[in-house]
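Comments concern the structure below.
Labels run A, B, C and D following the written order; every chain starts at residue 1.
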Amino acid sequence: MSQLEDLVRDLVVANRILANEDVVDAYGHISVRHPDNPKRFFMARSLAPELVERHDLIEFDAEGEPINDKRQPYLERFIHAAILEARPDLTAVVHAHAEDTLPFGLVKQPLQPVIHSGSFIGGKVPVWDIRKKFGDTNLLVTNMAQGRDLAKCLGAGNVALMRGHGFASAARSIIEVVRLSVYLPRNARALLRAKHLGGEIKYLSQGEIDARNRGYSPYSTETWRAWEYWANKAGCSHLLTRPGSAGSHHEHGNRKS
Amino acid sequence: MSQLEDLVRDLVVANRILANEDVVDAYGHISVRHPDNPKRFFMARSLAPELVERHDLIEFDAEGEPINDKRQPYLERFIHAAILEARPDLTAVVHAHAEDTLPFGLVKQPLQPVIHSGSFIGGKVPVWDIRKKFGDTNLLVTNMAQGRDLAKCLGAGNVALMRGHGFASAARSIIEVVRLSVYLPRNARALLRAKHLGGEIKYLSQGEIDARNRGYSPYSTETWRAWEYWANKAGCSHLLTRPGSAGSHHEHGNRKS
Amino acid sequence: MSQLEDLVRDLVVANRILANEDVVDAYGHISVRHPDNPKRFFMARSLAPELVERHDLIEFDAEGEPINDKRQPYLERFIHAAILEARPDLTAVVHAHAEDTLPFGLVKQPLQPVIHSGSFIGGKVPVWDIRKKFGDTNLLVTNMAQGRDLAKCLGAGNVALMRGHGFASAARSIIEVVRLSVYLPRNARALLRAKHLGGEIKYLSQGEIDARNRGYSPYSTETWRAWEYWANKAGCSHLLTRPGSAGSHHEHGNRKS
Amino acid sequence: MSQLEDLVRDLVVANRILANEDVVDAYGHISVRHPDNPKRFFMARSLAPELVERHDLIEFDAEGEPINDKRQPYLERFIHAAILEARPDLTAVVHAHAEDTLPFGLVKQPLQPVIHSGSFIGGKVPVWDIRKKFGDTNLLVTNMAQGRDLAKCLGAGNVALMRGHGFASAARSIIEVVRLSVYLPRNARALLRAKHLGGEIKYLSQGEIDARNRGYSPYSTETWRAWEYWANKAGCSHLLTRPGSAGSHHEHGNRKS
């Protein structure tokens, strides 16, 4: 009934999509900023995303601490708290271990867009190595200091690889962060295979990346088609609300495809 | 009951097969020329192919505009309009992002047939780079000018890769364009792996490609077997009509296997 | 009730296993020699192996011609006829296009056993290139002359790759040819990946290959376990008959594991 | 009701998880030491892990012989007997053929942790080659002499590759050996793909490996989350008992995540 309700329902759908598309498995999570209070955000309690339901969601403060909730939160909630703090322009954050991205966090070869659906990655993806500032650790982001260092690496971009661990992505909306997170591994696979073939590789140009980012809004038909398709595959289509339709309180987006 | 009805039903089956065989996902589409009016064609409205039903089909004019239909069409319908325009000998077109084909659109190494089921590809597959003529774009074919440039690249062949995007394939019938589109990624995988092993690769010779193209018709037993198998896997076998059987109005093809 | 009945039922199970394990898809087939008449063999009519039932089986003569059966046989039945003719010591033949074997038929790097379950391959796998003797063809084995040339390439071994096409395997029993055919692609994958890592590769020694072939019989516990597992996965466990059990007329094998 | 009952139920769950996560298939097995008698252990009879139920379990003595049970045991039970004998600090052992680990047993390039979930591997994984001490064999561990040689290779570590065969892993608990066995192939894949990209690879440092092994206990929230997720995927969630919950007799672990 309210914008908050829509957002919370989209967050549940997003959890299921990320799980069904193999971006996350037992581990990995997604958060969304509170629409009315930028210093709060929502994320599930410590649970595999595939199993998340509405009642599993916890409200967090800006330091990643649960508000009035004694259930176990994700250990790495500080990834979300720190990125949302550093980037007031973004509202949703994903952390995942998606396999195909892992090799690029281990070597010098950067991950950068080669396929059109990878344009949302931006340019070359920075790699955050926790060892630089924190020495030998268990590689998990377990406090705000580590989260803020990761957010610094993310900079003005939308994704950072985490060496030997996975990636963190962030966007203006749940739909966009999910899309980015689903296509990041796909772009990684295409680039890895192009490297197999050898020789010069045609990356997306900055102009192409810009043209694509100008053209898309979260609720344009082309973007919605993927969200609807993934939600359907994940068994959540009954939870979808198209902006502008009855019962929806989403921002009206540009519907031109 | 009529040839049009058979064609339209095959188009629905084809959508499901392409989705089930992972050639298309949320994105990708297939069209077929109107059997009675070469300046018209049919394709689904903007919807994931997996979900397409008979009532989702729209009739288009030669410029890719829907006729008497206000539903949202695919953004890239101009791929279909332009190829059908340039190639009066062909009746069906597929556009897909099938992952295994993507690397070959990024490098110099051409994709060409190495396995017998890849013979329908023809010789070396041309790569269409939208940047050549149109500079920095969002890589999508969003008007007839771009579609015609792609059709020019396709030339007299049956498939063209689209750099950083996917491929466009076209054939004399729905069955043949589906077969080509399903086997294109398989051939790509075999070639990629052969490159891993290193050394000289035995490609199909032009004589072998010609021998295979002479031998096959859309409704020969060997071709039908795959169509029936894929339709069964996609849950559509109840929609099949074998040529020559009761209720079928397909062209009588050469049934010799 | 008879040995023939058991054999025919195993042939149906084998078809389903090969399909479910992705050795075959729409294409590919398996035959078994008639237990009472070595100049006859059984194989399904032209149908995807996944769909084969008892009533789909056709009896063939030594030239690969159906006996008293007007249904369409597989085009490449001559592979089976010729190998069964050349190898009176073997009773079952498989032809398949299994993807992971394809690259090895295209390059100089031979496919040979690296993992213990690949020992049934024997030593280096010969590659049959139809072009050598028959020039440009559609690559299919469509007559006894081509089949006999393939059988010559197979020689005294159990498998031959068919350049740009797939492989043909043959063994003393249905269980063994299925096992060989399932493990051939697995061995191919392990070898391909070992080549990625680079450097010297430890192949199975001839002594190890011999030790393994001495140790296994079709109905030993270790072999039966895989057959039972695969049949169960393929939904056919109700069709299994363990040798020595009530209703079975299989040869009594060595049950020592 | 007792600790033994919990352990036995976990062993059934572990069998299903290893099968569902493709660590094992028809072949492969897991054992657990008897909680009250260190010279005894439990493991299923010779059966695919996917099919194992409580009543399939056999109790073994220290030499790998079944106690009062005439059913066929796994041929390679000596892997378990020997490792449990050599390592009184460990309680559970897995033997598997997981495909992605196979290449590393064939070449000089060692398998070592590159991703955080691979830290449980320890440092470089030793490769046991049965040929060194036993010459040409069928590669199977079929007696205590071979099992003890493998255990010597394992040394103080938690996993050893078995050349041309698979791996053996061992840990302090069922949950930990399952986790290690599931993540070993994942780490192998990441390392293989990083090698494709070329150049220097950032392995986990010994300090990172140590930090991670200090932090985890079998029943910490982060570890339990994966166990619960995998059990749910394998259809066994109804069999789970969380330590500290009603009906559980597991050791109380450190629940701090």
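Just so it is clear, a residue touches a chain if its C-beta (ideal position, glycine included) is under 8 Å from a C-beta of that chain, and two chains touch if they have at least 3 such contacts.
Since the structure is predicted, the reported quantities are computational estimates derived from the model, not experimental observations.
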Degrees of rotation, nearest 5, to put the Cα trace of chain A on chain D?
90
Shared interface numbering between chain C and chain B [over half = same, under half = different]
different
CA centroid of chain B to CA centroid of chain C, Å
33
Centroid spacing, where centroids are CA-atom means, of chain A and chain C in whole angstrom:
47
Please set out, as single numbers or ranges, the residues of chain A touching at least two other chains.
196
Using the touch rule from the top of the page, what pairs of chains touch, sorted by label?
A-B, A-D, B-C, C-D
Which part of chain A faces chain B closely enough to touch in the complex?
114-117, 119, 186, 189-190, 193-194, 196-202, 204-205, 207-208, 210-212, 214-215, 221-222, 225-226, 228-230, 232, 257
Residues of chain B touching chain A in the complex
25-27, 46-48, 50-51, 72, 75, 97, 99-100, 102-109, 129, 131, 135-140, 163-165, 192, 195-196
